[in-house]
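Order of writing sets the chain letters: A, B, C and D. Residues in each chain are counted from 1.
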Amino acid sequence: MSRSVMSASADRALAWDVDRVRADFPALRRSVRGHPLAYLDNAATALKPESVIAGVAEYYTQVSANVARGVHTPSQEATARFEAVRERVAAFIGAASPAEVVFTAGTTAGLNLVAQSYGAAMLEPGDEILVTEIEHHSNLVPWHLVAARTGAVVRGVPLTEDLTLDLDRLEQMLSDRVRVVAVCHASNVLGTVLPIKQIAAMAHRRGAVVVVDGAQAIPHLPVRVGDLGCDFYAFSAHKLFGPTGLGILWGRTELLAKMPPWQGGGGMIAQVELTGSTYAPPPMRFEAGTPPIAEVYGLGAALDYLDGWDRVAATRYEDALADEAAERLAGLSGVTVYRPRGPRVSVVTFTVADIHPHDIGTALDAKGVAVRAGHHCAQPLMRRLGVPATVRVSFAPYNSPADIDALITGVGHAQRVFGA
Amino acid sequence: MSRSVMSASADRALAWDVDRVRADFPALRRSVRGHPLAYLDNAATALKPESVIAGVAEYYTQVSANVARGVHTPSQEATARFEAVRERVAAFIGAASPAEVVFTAGTTAGLNLVAQSYGAAMLEPGDEILVTEIEHHSNLVPWHLVAARTGAVVRGVPLTEDLTLDLDRLEQMLSDRVRVVAVCHASNVLGTVLPIKQIAAMAHRRGAVVVVDGAQAIPHLPVRVGDLGCDFYAFSAHKLFGPTGLGILWGRTELLAKMPPWQGGGGMIAQVELTGSTYAPPPMRFEAGTPPIAEVYGLGAALDYLDGWDRVAATRYEDALADEAAERLAGLSGVTVYRPRGPRVSVVTFTVADIHPHDIGTALDAKGVAVRAGHHCAQPLMRRLGVPATVRVSFAPYNSPADIDALITGVGHAQRVFGA
Amino acid sequence: MSDLDELYQTLILEHNKSPRNFRALAGASGHAAGRNPLCGDTFDVWVKVRDGLVEEVSFLGQGCAISKASASMMTTAVKGKTVADADALFRRFHQVVTGHATDSADLSDPKLTLGCLSAFAGVSAFPIRVKCATLAWHALMTAIHSPDAGVNSTTP
Amino acid sequence: MSDLDELYQTLILEHNKSPRNFRALAGASGHAAGRNPLCGDTFDVWVKVRDGLVEEVSFLGQGCAISKASASMMTTAVKGKTVADADALFRRFHQVVTGHATDSADLSDPKLTLGCLSAFAGVSAFPIRVKCATLAWHALMTAIHSPDAGVNSTTP
C-alpha cells in the first residue's frame, strides 16, 4: 500500500470505524478458498447485519401469522409491524404519505408494476418511452414488453463522452409523444449518478412521467422523492442490507390513485363477484396475495440498523475506497478503468487487456475476492463501451482497505498466470 | 373432553407424536392474552419449524450472495443450492423436469403469471374462462383482469347442495369457447377437495387448459402433477411451513415454452437492445430480477423437514382433529357447521347464531385461540352460503386436542357474553 | 373485568341487538356507504344537515356487534349537534378507541364528553377492531362533508 | 499446484491465444450459435458431416479463455471421428468438467480417451465455469443433430 493511501485510510478511520461495522456482518467471517472473503459485489446484493437476520427470525419465531386479515393477536401484531415499517419507509424516502409506499417483490417487480399498470393503461400507439443507454435490463425490458402490448415505441437516450447522460439529446428527444422517461438514479456498472431533478423538470415540461430505478442509489445516497421531483421510485431491500424477496415502489398519490391493479388476488379487492371485481385504494390495490411479511420485518430492522450509521460518513468512506481502487487499478499496465465524470456511487468497472473478465473473476475468486464479471444486465451499455463484458467491484461501508489490496494483488496474479 | 374423544386421541398418539412435533415449532411457545396459543389459522399461514428459520438464516449468515450471475464462490454456492431446491420441488410434486418449476412470489403471483402470460397471449374476445363458486379471490381476480384485457368472459361453475363442485354443470358449461378452467385443488373455506383428475380430463376433451390453485392442498395432500393431469399448479411456500415471499408455479414444458414473458428484467433475457429484447427459455424466462433466494433456502429446509414426517399419518391426525372439532361445534346449540361431503382437508367453517363471526373471532382471541373470521377472500362462496362471513378453524399436524378444547370453551364463553 | 367483558359492555350488546335509527332517511342531505372490504362489513349512513346542524342521522347494513352498536350510538350522539361538534366528537371518539385519549383540553368541553360512547374504550385493547368502531363514523363524515362521494372504503 | 493453475493450464492458455479452426466453414452441413445470455459469451460453430463422419469443424466468436480454448480443442478433437464417437466424447468431457468422471467403462475405450481435453479437469473446481467449457460443445451437438435449429441458448 502506498504512503498516500495509508494516510488517507488513517484519516477515514477517524470518521468511520470499519472494524466495528464489520463485526455486525456475519458473512464477512467466512473464508473463500482459504482466503478471507473480500466481498466486492455489493451492487449485486449487500451483506446483512446480524440484526436484520434476527428481525426476519423474530417474525418466524414469535409471530408467524398473516397480516391484514386476522382478528387474532399474532395477526394484529404482524399487521401493526407491517404498517409501521411502511411508515418507516415513507419517512426514509420522504414520501408524502405511507399510502404511497407499495411493497413489491423487488425493484424489477416494481418497475414491471409501473409499466404494466400505468404504462399499459396510459400508452397509445406511437407514444414514446425514453430510456437511457446506461439502464439495467430491469428498466429496459418491462418497457419493451409494454411497448409491444400498446404499440408505443422505446427510444434510448445516449451517453456523452464523459459517460454521463447526454442532456442535450434528452431535450431534443423529449417530443410531445413522450409519455414516460425511465431512468436509473445510479448506474450499476459505472456508478454514474443521473441528475434526476433536472431530468424530471425537463420531462414534466413535456407532460411525461418520470420512473426512477433507485436500486443502486438507495444504499448510498440520501433519497427524498419529493426533492427529486420524480413520479415513481423503485428499489430492492436486498441491496439495502435487507432481505431478499422484497422491494418498494413509491408512487405519487395522484398517479397511484388512477392506476388499475396489476395483479389480482386476496387483499386488493373492494368487492368480488364471480365474473368481475372492484378494487381497494392504493397501496392495497397493488399488493395482491400474502405479502413478504418476514421480509418487511427484516427491512424494518435494516432501517433501524442504518439509523445507527452516520450515513454521510459511510458514503464518504466507501467513495474513498472506490477512488482508491480506481486509482490503483488504473496504475496497473493493461488495465482500463471506465469512470464517469461527475457524481457517482462507489462502483468501479474495468477491463484487463487480453484477459476476459470471467477469467479475471475466477482468478480473483481463487484469492477470495468476490467481484462481478459479465454484462451486468446492461448489454446496451456494454455495446456503448465497446466491450462484451467488464469486471465490476462495488463497495459497501464494511469493506476495508485490505479488500483493495487483495483485489490489486489478485489482478496482478491473473496477469502473471495469463502471461499478459 | 368426552370419553370417545379421549380414546380417539389416544389412538392417534400411537401414530403421531404431537408433542415431539410441537417442540419443533417455536411460535407455539408464545402465549396470547395470558393463554397458551391455540393456533387454528393454518390455512392463512403455517408456523415454521426451527430448521426452516435456520435455513433462511444460513443463507444470510454464510452466503448472502446473488445467484446465477456471479463467478465467485458465494454466488456459486447460492446458485447451486437454488437450483438444487428447484430439483427438490420438482421431485416433491412429481414434475417431469426442474425446468417446469418457476419460483414466484406466491400462489397469487403464480396465478397472475398464468393469466397474464398464457391467458393474455391465448385468449380472444368471446373465449371463456371457467372458474368455480368456491374459488379464492386469487384464482378469480387474475381472470377478471385478463378477461377485461382480452375480451374473454369469466363464468362460474356452481356447487351442489353437498358443497362439492357440480360436475354436471361443469360438463354443460364446457363449450368449445372455453380455453381455461381455473379451479382450486382444495377450498380454503370448506376444505372441499376437487376431483382435479376428472376435471382435467373433461376440460382437455374440450381443448381447455386446467390451472390449479394448490395453495390449500399442498400442505395436506400428496401432489403428483403428472397424475392430476392438470396443466399448471400454483402454491405458496408459507402455507407449507416455509418462508413468506415465495411461491411455486409448475407448468407443463410445452405450455411454458410457448408463453411470452410476464415480467421483464435481469436474468430472463437472451439479448437486450435499447429498443427490444429476446428471452431465455423457461424457467428463467419467468424469473425476472433477483429471486427470493433466502426464501428458497428456507423452502429447501421445509421439504427436508417434511421428509422427517410420516405424511400419511400427519394428514390422518389433522383430519381426525378437524372431524372432532366439527362434531363438537355442531353439538353446540346455535352453531352451524358447513362441511362438504366427500374428500376434504382439515378446515372447518362455522357460524354462531346471533353473533357475528368477528365477534366470535375476538372472543376466541381473548382466550388465546387464533381463528379466522370474515369472507376468507371468497366472497362468491359467502354469497352461495348466504352469509356475510364465517369463522374458520384450520389444522396442522402440530395442533393438539387441547386446541379444540380451547376452541369449544371459547365459543361457549362468547355465547354467554352475548347472551346468545 | 376481562378484556372481553370490557369490550362487549352491556350497552354495546344492547345497541347491537336493537339498533337505533336503523332505517333509510327520506330527504337526506347526504348519504355514504362505509365498507370494510377485508371483513365484508357494510353500512349505509344518511344524514340531514340544515344550517350547520345535524338534524337527523340513520343507518342500515350489517357487521359485527362493535360496528353495529357504534353506528347506532353514533346516530343518537350526533343528532342535534352542530357539524363542528360532530366533527370534534368523532376526533375524541377516535382517540378513545385507539387508546390515544390524552388530550385533556377536549375533556373539559362539556359538548365533547363522550357519554355513552365511552363504552367503546375497551376497543383499544383490540386494535384490529378500531376499523369496526369507526366504520359508520367515517361514512357519516363523508355524508356530511362530501355528500356526493358515495362509497367510502376503508382498509387497514 | 493451485486451483487456478490447475484451471488455466498452459495448453488452455495457448489455445485461447491461438485458437485452431477459428474461421467460418464453407459448405458446412450444419451450423449453430451457442450463447450464454448471462455472461454474454457467444460462439458460432460449423460442422461438415458426411456418411456419419465429422470431416471438418470450425468456430468463431468470443468468450473467456475457458470457452475459447474449449471450442478450439474441441474442433481438433472431433475432427475425423464418427458422429457417435463425437457424442460419446462430449458425454465423457462433460463428466470430467463436472467432476463426475467415475464411469470406468468409458475410460477403457481408446476412442474415448480425452487426450488433450483432460486439461479441462480443473474446471470442476469452479462449477460456474462448466457452462463456459461446454458452450461450444452444445452448439456442436446442435449443428450435428439439428442442423436447422440455429441459436442454442444455454442458461444455468
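Note that a residue touches a chain if its C-beta (ideal position, glycine included) is under 8 Å from a C-beta of that chain, and two chains touch if they have at least 3 such contacts.
All values derive from a computational prediction rather than experimental measurement.
Any chain that touches subunit A and also touches subunit B is listed here: C, D.
With centres taken as mean Cα positions, subunit D sits 45 Å from subunit B. With centres set at the average Cα position, the gap from subunit C to subunit D is 76 Å. Separating the CA-averaged centres of subunit B and subunit C is a span of 37 Å. Under the contact definition stated at the top, the residues of subunit A that touch 2 or more other chains are 33, 69-71, 75, 267, 269, 271, 358, 362, 365, 373-374, 379.
Looking at subunit D, residues 38, 126, 129 sit in touch with two or more other chains. A list of each chain pair in contact follows: A-B, A-C, A-D, B-C, B-D.
Subunit B meets subunit A in the complex at residues 26-27, 30, 32-33, 37, 39, 41, 44-48, 52-53, 56-57, 59-66, 69-75, 105-109, 111-112, 115-116, 131, 133, 136-138, 140-145, 153-156, 236, 238, 243-246, 260-269, 271-277, 288-295, 358, 361-362, 364-365, 369-374, 377, 379-380.
Put simply, subunit B touches subunit D in their complex at residues 68-71, 75-76, 79-80, 83, 267, 269-271, 280-281, 284.
Against subunit C, the residues of subunit B that register as touching in their complex are 33, 355-359, 362-363, 365-366, 373-375, 379, 382, 388-389, 413, 417-419.
Those residues of subunit D lying in contact with subunit B across their complex are 35, 37-38, 126-129, 151, 153, 155-156. Across the complex, subunit C meets subunit B through its residues 2-5, 7-8, 13, 38-42, 62-66, 68, 126, 129, 132.
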